[in-house]
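Structures are listed in the sections that come next.
Shared chain: chain A. Partners: chain B in the first complex, chain C in the second.
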Partner chain A sequence: MPPRMQSRSVSNTLLPYLTSTSSSSSSLSSIPSLSSTSSQCLSRQFSATAAPQAQTKLRRQMFEWLNNEGSIFKHHVPGETNYLTRLKQRGNEGSETPRPFPNNQHFISEPILSEELRNEVYNRVVEQKKSVRVVSVELGIDMKRIAAVVRLVELENRQRAQGKPLALPYARAVHEMVPTTPLAEKGERQTYHEPINDLPAHPLTGSQIFYPVPESRSFNRVEAGRVFSGAPAMEHSEAAEISHPSDLAEKIMEDPNSIGWVGKGANARQILQPADVRIPHPHLVAQERDRLAHPNERLAVADLQSKRLERQDALEKERRERLQARREKKTTIVSPEDSRFNYRIKDTIYTTETTGVDGRGSKATGRRYGVPHRDRTRGEVKVPTRVEA
Partner chain B sequence: MVLRIRLARFGNKHNPFFNIVVAQARSARGAKPLEVIGTYNPIPKRPTNLYGEDADARPYKEIALDRSRAKYWLGVGAQPSDPVWKLMGMAGLVAPKPTTFDKA
Partner chain C sequence: MRNRASNTLSKGKIRQSWSKYNLYNMQRFRSPPTTNRTFFQQKWSAKAASRAYHGEQVREGQWKRMFNHRIRSVIPMNASDLAADDGSLVSSGRGSGLDKGGKPAYQTRPTPYTHMTFAPLERRLDVAIFRALFASSARQARQFVIHGAVTVNGQKMKHPSYLLNPGDLFQVDPDRVLYATGHTKTPYERRQGRLTRRKGKAQGLEGAEEAEAAPEAEESKETAKEETKETEKEDTKETLKALLAQAKSVMSAGKNTLAPQRKQELRGFQQAVRRVLSRSESSTVLADSLEAQFSQLTLLLKAKRSEKNPEKKDVKPRPEDAFATDRGDAELASAKKDTEATASDKLSEAFAQATLGNEVDASELSDEEFDTLKRALTQMRDNPLDNSKTYSTPWQPRQYMSAFAFIPRYLEVNQNICAAVYLRHPVARPGSAEVPTPFGESIATPAYGWYLRRRW
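Presenting the complex of A and B:
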């Protein structure tokens, strides 16, 4: 469609005509060009098609709706959502629905962190030096979200320090219009923002396996994990040591190498552990079991739990530092004066163990010779699936 | 025949990646070398998660090198090519190559 030429001057003789045709949209002063088509036709000789004389039906209906029912959405009420579904439930006022789309009842808009809660997360992690795990349990926020909040607040602080402009009015408006999780007042119990102990389904558990087990044998989640990953059953003595699958969590926390392996060479993989071990907060299971075992000793159980968390944090910290030290020992960073770049030189070892006897082993660094490059096979994911942070 | 320590290009178009290899000087770039002793990724990467003073750190390039094998091959007379000489000079295995400016 060629661009419409706007008639600059509307002569006085046309004015009564204008007002009569725009009766349907008299309140809308923003669309006068539609009704001034007759004057456009005079000045526009190259177009044989006359522009539509009136608005289309749908457009007219839209403006009708906007002027009548829809006018309540023009300005939002601070602290309340501004969803279309408000119209439907006008009968039962007060109950705010989290569903923004009238025709999609399955979509629920989840609350976001309020400013105070977000600042509290940063405060506890950075200033009070609490571990991410502890803060996650205290405030009921996923550990990944805690890490993201800390990074983003750090970024915000840096931008403030650099004097960069922040989109504060925008942030305020969004926070007024979407549901938020508030920070609890002092002495109140914090409402959980989201479930924190969720576990994604492991792909190994997707297969349906018919596995007959004698009645005399114990078969629990630990055994099921071994079956899914194709590992042989445990020795009876070994199985008898595990009174509950969550006992394994602590053992693995102390010694991650205690997880066995199945398969050979490039196909080797760790045995699938029970959900009690793989969930983000295994210690919550242990705490619940303590509570059930000692229902009348709440203080002792809480004390036990805090000690357990401290021990786990210390272990995690030590492991992180050890890994970091090992990584630093293996790399030297060179920054030449006449270069724009740093060079990270990593020590590697090429032996028959890494390259294999025929030189085609998968463990050695670098591209391999004599092995097909699978980068164009079907189903190969080439876009990055994770971000190193 | 001269033994050379040189780069062998892998990777796709606009996405170079090099193995540092020991090979006969007259053999083709893509031929199977005597030995692979490292890698060099010439695409610079931005360091992540840096705050404060480190925030504007220089981008880095990654080199992996088996130092003991490199020393062995240098000891038996393998000659590094110019780019490898530069890399090995940074790793401290050979003296940096004198530039034309230095010679003059």
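Presenting the complex of A and C:
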């Protein structure tokens, strides 16, 4: 028997450790070094088993992608979005809507307020003392967002005054990555940040109702709302008073209790109002109607609108004050001299509405007297449902 | 809770995370096939894929209790449409409007309701923190909450499952946010941090000894004073030239520059600025605001803004925001845009002239040069080198962050203080849904169907 030729390569068990360094280094550089692979081949010329790979195929493919196609995502380009959909759009470089997810066509990365616009909002509301409603229409920003912006800028100012740490480089980076709505320069028209007259879809309108109406009769939004909420049709005299659904908006603004009710007891609910009433800015519809009625009198229309807004603000303010006064009347605040606490004492109202038929309603005071709450038992996690601001 | 949310390549699941593994998985994700598969199988795989992304930290039973088949939606209303028609036009004729050439009176895009299946989970505090770009994954956001770095309406909130109410303001500790969204430290930086910590400890121990060595310190102060006197004698032109060159190298250093080298440059620039400012008479300059420092600096160097600059108006200055972050990115951007490219060319030319050419009066600076100086100063103040931090300094965004950077409409975020307000619940509107989900119709609808199952 001729002498066997000794293989110079080490045993298979050791191989992964020995080859791991060379393959991991090749993963870092985009082009794998030829010399290392060829030397491996030479050393293993008598081995029948395939060389075990330090990196799985998937891993190798991932790094290949990250080093070639995916390398554009490593760093952002200031002022541009850098989403995965960029790969597909490469051919037609256009200003398409920014979509972060290639499979989801329905999610759009919406612009955020730029730093200047945010400060402008704060300036108009706090320093110029404009109402939130007016600023919302001027800048095209939702009223809730305006309130939030004022709150956040106030908090920021306080933190700056206290010398607390801020994340300024982070803020700059985020504003470079995400689309922003800039503040219009002087003389230019401000681009609207978001739609401000969103009508929430009411659950009652989800059902399909077959409601026969004569073709000769006009069937408007007010009547449709009554049909959806199951209310009887209006009297002719009542219907004749409403020339347009937006008339109702002004009526309800003056007297919110003028909305009728349907059903009895626990099933009682308010009649569904037309869209003109339920949108956040009903006064815009009234303004448009003024414009249609007086197409050539822009000044007069603007005058009417400003008066309408003033009146609305006054009414809202009065209502707020009335509510506050009522709340204060109900509670007595006792603050002892040597105490950190204020004690707010309210009178208990013991009626069927507050305590329920069996006296154990969830709003009743001392409900289930003598029986401990479930949250007192062992192992019960109490996650708060709200935090008072 | 054990973290099973690893970004494995073999499973290829998409997670709420900014990792590069996740980016790769998202890029290669394909909807599961439907041919030859039962409805149950289709719904099962759709549910599995979407639950791996949406609230994977929430137990299935907990999520089932949160699920609601009713989905919030809004329709944007046009005031002029409402004013023009009281609704009778739409309902005229046989109930659906009069036919005008086959086109309906109102054209609407379909509302993607089923994309909103996981809307209740977006109310969770940990998910909202991730959506506000304060953490690099939902798991990390959860950890921030548990570790007490998050407040809701000014009170510390330790429950990641807290459901935000509309109007709630939540705030994360800025240091944590910078750590989560910034580059990780290199081994060199980690070592530097260790060294400074050790030094601090040693100094703490030698506190008593130092009191004895006070005269020595005074001596060193005197020598420092002498040094400043010497520098005063130096030609201001020379100083300005050197300072500009340093500012330029600081601002243009790319990603490829080694970390220690970059740090040395930064530190050198910092020292140079200090040296110049220490010449000023008022002792508070070093602690003053940036504007004061800048004006003092230019005053000391007798630098003037050159008035002959006709091309300046053509090149629109980039907003302040675009500056002072990542130098590598600034370079990229300048390479991208033509106008910016010309600006940077001019800048480099000016610098070349300032540093080499003797004929150019160095104390007369162009606007770009002023900008560069100011930018370098801004960065020094806002984004300082500090090895005691848990992230790489000066701060720069972590890699692959931009591919995941978006802020949904139902949040209003103030990045400066790392606070955000949850405005309202997410809604669907014609053509778009507000819940960020990487899955399309072919997964969203079967997943919604899966959770409807109990209700049929």
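Points worth noting:
The working rule: the second predicted complex is superposed on the first by the 280 of 389 C-alpha atoms of A that agree within 3 Å, B and C clash if a C-alpha of one lies under 4 Å from a C-alpha of the other, contacts with A are read in each partner's own complex, and residues count from 1 in each chain.
Convention: a residue touches a chain if its C-beta (ideal position, glycine included) is under 8 Å from a C-beta of that chain, and two chains touch if they have at least 3 such contacts.
Computed from a predicted structure; not experimentally measured.
With both complexes superposed, C is the one of chain B and chain C in contact with more chain A residues.
Residue contacts after overlaying the shared chain place A:S246 against chain C, while chain B stays out of touching range. Shared-chain residue A:R386: touches chain C; no touch with chain B. Of the two partner chains placed around the shared chain by superposition, neither chain B nor chain C is touched by A:V262. After overlaying the two complexes on the shared chain, residue contacts for A:A184 are found with neither chain B nor chain C. Once the two complexes are overlaid on the shared chain, A:V227 sits clear of chain B and of chain C alike. Judged by the touch definition given at the top, the superposed model places A:Y350 against chain B, while chain C stays out of reach. In the superposition on chain A, no contact is made by A:L304 with either chain B or chain C. In the superposed pair of complexes, A:L204 makes contact with neither chain B nor chain C. Contacts of chain A with chain B, set against its contacts with chain C after fitting on chain A, overlap at residues 151, 388-389.
Touching chain C in their complex are the following residues of chain A: 56, 58-59, 62, 65-66, 70, 73-79, 81-84, 87, 98, 100-110, 112-115, 118, 142, 144-145, 148-149, 151-153, 155-156, 159, 164-178, 194-195, 197-201, 203, 213, 215, 218-222, 224, 244-246, 274-276, 279, 281, 284-289, 291-292, 381, 383-389. Listed in rising order, the residues of chain A touching chain B in the complex are 151, 154, 158, 332-336, 340-350, 355, 364-367, 369-370, 375, 388-389. Chain B makes touch with chain A in their complex at residues 10-12, 17, 19-20, 32-33, 35-39, 44, 48-49, 51, 55, 57-69, 87, 90-91. By the touch criterion stated above, chain C contacts chain A in their complex at residues 9-10, 20-21, 23-24, 26-29, 31, 70, 72-80, 82-84, 86-88, 91-95, 112, 115, 133, 152-155, 157, 159, 161-163, 165-169, 171, 174-175, 177-178, 181-182, 255, 318, 321-326, 328-330, 332-333, 336, 382-383, 394-397, 399-409, 412-421, 423-424, 427, 429, 431-433, 435-441, 443.
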